[in-house]
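The structure under discussion appears below in the form of structure tokens.
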Amino acid sequence: VTAQSARSSAAEIERLAAVRLPPAVRDFVAGGSGAEVTLAANRAAFDRIAIVPRVLSGEAGVRMETQLVRTKASMPVAVAPVAYQRLMHPDGEVAAARAAKTSGIPYVISMLSSYPMEEIVGTGASCWFQLYWLRDRGQNRDLVLRAGRAGCEALVVTVDLPIMGRRMRDVRNEFALPTDVRAVHLEGDQTTSAHVAWRGNSAVAVHTSELLEPALSWCDLEWLRERTDLPIVIKGILDPRDAVRAAEIGADAVVVSNHGGRQLDSAVPSIMALSPIVDAVGDRCEVLLDSGVRTGTDVVKALASGASGVLIGRPVQWGLAVGAEEGVASVLELLRSELEECLRLAGCIDLVAARELRVTTV
Amino acid sequence: VTAQSARSSAAEIERLAAVRLPPAVRDFVAGGSGAEVTLAANRAAFDRIAIVPRVLSGEAGVRMETQLVRTKASMPVAVAPVAYQRLMHPDGEVAAARAAKTSGIPYVISMLSSYPMEEIVGTGASCWFQLYWLRDRGQNRDLVLRAGRAGCEALVVTVDLPIMGRRMRDVRNEFALPTDVRAVHLEGDQTTSAHVAWRGNSAVAVHTSELLEPALSWCDLEWLRERTDLPIVIKGILDPRDAVRAAEIGADAVVVSNHGGRQLDSAVPSIMALSPIVDAVGDRCEVLLDSGVRTGTDVVKALASGASGVLIGRPVQWGLAVGAEEGVASVLELLRSELEECLRLAGCIDLVAARELRVTTV
Amino acid sequence: VTAQSARSSAAEIERLAAVRLPPAVRDFVAGGSGAEVTLAANRAAFDRIAIVPRVLSGEAGVRMETQLVRTKASMPVAVAPVAYQRLMHPDGEVAAARAAKTSGIPYVISMLSSYPMEEIVGTGASCWFQLYWLRDRGQNRDLVLRAGRAGCEALVVTVDLPIMGRRMRDVRNEFALPTDVRAVHLEGDQTTSAHVAWRGNSAVAVHTSELLEPALSWCDLEWLRERTDLPIVIKGILDPRDAVRAAEIGADAVVVSNHGGRQLDSAVPSIMALSPIVDAVGDRCEVLLDSGVRTGTDVVKALASGASGVLIGRPVQWGLAVGAEEGVASVLELLRSELEECLRLAGCIDLVAARELRVTTV
Amino acid sequence: VTAQSARSSAAEIERLAAVRLPPAVRDFVAGGSGAEVTLAANRAAFDRIAIVPRVLSGEAGVRMETQLVRTKASMPVAVAPVAYQRLMHPDGEVAAARAAKTSGIPYVISMLSSYPMEEIVGTGASCWFQLYWLRDRGQNRDLVLRAGRAGCEALVVTVDLPIMGRRMRDVRNEFALPTDVRAVHLEGDQTTSAHVAWRGNSAVAVHTSELLEPALSWCDLEWLRERTDLPIVIKGILDPRDAVRAAEIGADAVVVSNHGGRQLDSAVPSIMALSPIVDAVGDRCEVLLDSGVRTGTDVVKALASGASGVLIGRPVQWGLAVGAEEGVASVLELLRSELEECLRLAGCIDLVAARELRVTTV
């Protein structure tokens, strides 16, 4: 019986990570774009939501198992794609994926991961592959095929980065990647600029700008849809009209996301954008959410607002910084226990019940 | 004539109690769960409500007598069930019940009281018996029978504690009950764990978790409904769908409550949940409210939002800590005088008029 | 040409008065009841209102002359009834009325004035007589007759004081009237208690409680309606149902008022209560407003929300404290110039235009 | 590739200007009227707006070229009319207009400019002429003819200054124009009062009051409409009824504006007034906006709320103070790059797309 033992919190793990990481790396993870208005608004929007709990469910347990897209998940959570996880710890993506496997949740491999996808999939985690669309279409095709061969179970196409948001912390820090952290899915000469200390600029921004297709279109996604049988998840949707279009071109899911406040500063908090999108797409495709999720209670708020599940980004990185695989596992188990506790206290026996909860703004 | 003499306030009594009680006991009473978001939101929600007073009632007095459930009350207030009142003062529940009798309002005996119900009923107060559903169904039946025999006039079943909310103050204090404060309605061996100093945990939480049924259902309440003629009050309802169901299974009243911010953190403030519930149940059952009530003006806000009455928790405990029976009596008479004054200034001659007041959000 | 000369503000005059007055007198004027929630809410509500100005009126001037009830006024403002104005200055009500005459606006004589009504009317100001309903009905009748004989042009019956609000500043100060300040319309023995230093109480509250009818009814007002041809203004209305009833019994006007935050603490700000009342009564009676008006812009907000005019209370008292008749005249001319400036900038040529302005909440 | 180089911000340029300018001049530009409620509310209203971005536009560029009224503009921005720009720098309006030409946007010549319009038009910038209606109608006619002959492409009639708002900073500073800064479009004897240090007054206010027609009417604008073929822009509209009337009398555009918070204090923020006006006028006339625009993101918020473009006032003056023509050019190019970046991140390929963005209040 450990009904109420002391436990950590995402905020505490963030503080621990902050003291371990070099300041510029801490900033790279923590920062948002512009004046970080959206970064702050993401949290404020979650905090304004109150849950109306139910009672007398008649069950002591909560069935949190679900399918996200077509992947089994022990809870409605996946690890969000985050670039360059070796910045957090030498074990990087491999450690994080091991923890995801232990937790039984999908791990989304960033195209800009610092370990190769095969090695990450080799951990046994259920992996999805995230794709930033490269200017070289052939390279995209190769990566998609490679992801399929490697055993990735879905493709996540990030569509909210036609250009990179102006992340002032990185600019002020003239942030560049250390030599031992590299985007291994790219050719060596394709990663050079990320390692240069640009005067008054972020090397990651320069590199991204060189590499990524700035004119991505719905046609490109249709092209992709025709070439793969993997489920396609479109990440970075905030307008219901785009969500409907995503469903129409055969996307299996969308991620309602403002990229953690790192792209358009002044963008609507994703939790505020969620309900209109769920209403618009109905059951034509799944709706996931990220940006600002820190606690199990936040997950319940997302579910009650209509999401099938959430992606969790920064807290996993903090866990990685604090304790490699074990640190990530702690973060995920903390989230699970918070989520389970919140669902129990809200009288939910499963995720269907969670989605029927009412929420209100205080 | 003492129209405007100085008088105390609940806030002042809280301060007096805070200096008299051991810090861990003070925290046990004051604390909420999680980040205490709901604890604070309860008060903020009351503070945002403004009353639209009436004029020219034509009467100098206010008839505050009413029936709560089927018990006569001199004002629309009952003393809320609170566990272990000997923590506040050696006279505990007996002193509090005496004050309730003096004030002419119902006293709700906590199942986890530190004096036996017979002794409490023996004060002459009108008592209701609060039931946490024990894992052992036979024990519940015995307690219900015992409550009936003892002369309790209603049963209050608390349904918002499938598990205990994580009350961080108690966890950090590694709070445990002193040996002279025991849940006397339980067998001796059933209370052991509440007295152990658990490392990094709250003994009350451990104990509660061992003891209480985590899978309580509507069927259990129907089972209870069939076995007793006492009025049944279901405490801890926040969703109108649950309130309607409570009425349908024959509950005489519901208490709209978030357990004083001690269960689901992020739960809706109960005063915000009240009107939709009143609208949903109509006259099918009574609607009471607790969580955040501190002043007579708060009571009027609850009445104007449709409640038949309120339960008052922490202020009674503070009164007990400050002055035993006399302290509680002071708190209750303060509340009565504030309530009477507020109703007079709002132009109400009785509680019917109070329920017809309009309120608005500022 | 003095388009933009420096000028004072009500806030500045308040500060000047605050240093001149004995602290307990300053508090008597400044204070509200309870926790002064409504006192503060009155101002906050005005501050949240934004005006949508018009353009191209085609006129350089603003016609601010109007009739309030049936009295000519040079602007839509009257001096609110305030008791015991000799507290502010030995010239008291006489000085204030002289300034009102100079400004061409009605002066409302408080029943608790410290100069006799005949002397106040003798200044030549257009006077209304405010009546607190005395327990002795004959005395009310006599005062009404006396007011008519003295030349008062309207009766203002204050109906929001069935009991006095608990004004904690006065209670803490154990405020009592000095011997040279007396309610001269009452018999000498009727004013004794207002001059006693009551332990832990306000003498004004004790006195008021002794004196005033606590069970005033609509029938009493009908009785009054039958006995006088003077216009009747009912002051202290906040609920549209009461405003409609006032119109139905023949009141010529209502004053939407929470008594400057001095009666029911938690009462709705009067500026928030105004529009629903205007909508409810239509043209069946005039609607005036007080409580929280400090500037000409506030007056425009009241007009745009449907009021025919406002009563101005505390600023006049501050002016009296600072400079007797001249001080009050300054306050009133400041208000006039602010009002005129605001109307000009809002593109209004007269008060009809002001009432057609739109306002919005920011 | 300079995707994310460090760049300045309007706030930073404001700080630089503030240290270079004499305090009274800094205040003359920065200040608002009254308590500067509207000045602050303009910014707060922009900050509450969140943008719902789109994705997958399929284009890498943004077409920001447009026509404002009938003038080509490289982005939906014009330089707002501001009096006496030599206060900022000896090169004054000429420098600012040169920068506008370089940027390819219209420059609005203030009637109170400190360089003659011919010299400003001589820079090659596309110029509009702003008219405060003078008391002498013949002089207005002459100025309009002169503006046409000089090559101005539109007339902007400011209608929100029937009197000047009370700008307390100027009053306290007893602000007067230095001798080398003069309203050159006026006769010498018409400008005298602006140069006198008036005790407790603003010389600019005194001068304006002498000079400008206080009774401007819709008929005057109709008179103007009949006498010129130049497009007419009516500046200072906040009520939809006035916007509709402007369209009806043949105005080509209105500027939704509260004069940067310098006229009616308590006026609605112009960004809040925008949508109702756009809805009311439909395509009967163009709708521009000013007051509070500081960043490219603000411009997008205005476009998404229905504006065709914005006027930018204070930031241009700060640029002029900091670096003459080059300073202004920096401000305008900063704005352009922010605007382009914001539109790109919001998934817009052109201004039509920008106007179809949804916004929400947070």
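As written, the chains take the letters A, B, C and D, and residue 1 is the first residue of each chain.
By our rule, a contact is a pair of C-beta atoms (placed from the backbone, for glycine too) under 8 Å apart; a residue touches a chain by one contact, two chains touch by 3 or more.
Just so we're clear, the structure is a prediction, and the values are computed from it rather than from any experiment.
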Quiz prompt | Same or different contact residues where chain C meets its copy chain B, judged by the half mark | solution = different
Self-check item: chain C on chain D, rotation in degrees - Cα superposition, rounded to nearest 5
Solution: 90
Quiz item: So what's the Cα centroid distance for chain A and chain B, whole Å?
Solution: 43
Exercise. Measure off the straight-line distance from the CA centroid of chain B to the CA centroid of chain D, and report it in whole Å.
Key: 61
Quiz item: Listing for chain A: what residues touch at least two other chains?
Solution: none
Quiz item: Who touches whom among the chains?
Solution: A-B, A-D, B-C, C-D
Quiz item: Which chain A residues qualify as touching chain D in the complex?
Solution: 34, 37-38, 41, 44-45, 159-160, 162-167, 170-172, 193, 198, 200-202, 205-206, 208-210, 214-221, 234, 236-239, 241-242, 258, 263-269, 272-273
Practice problem: Mind listing the chain D positions that touch chain A in their complex? | Solution: 1-6, 47, 49-60, 297, 300-301, 341-342, 344-347, 358, 360, 362
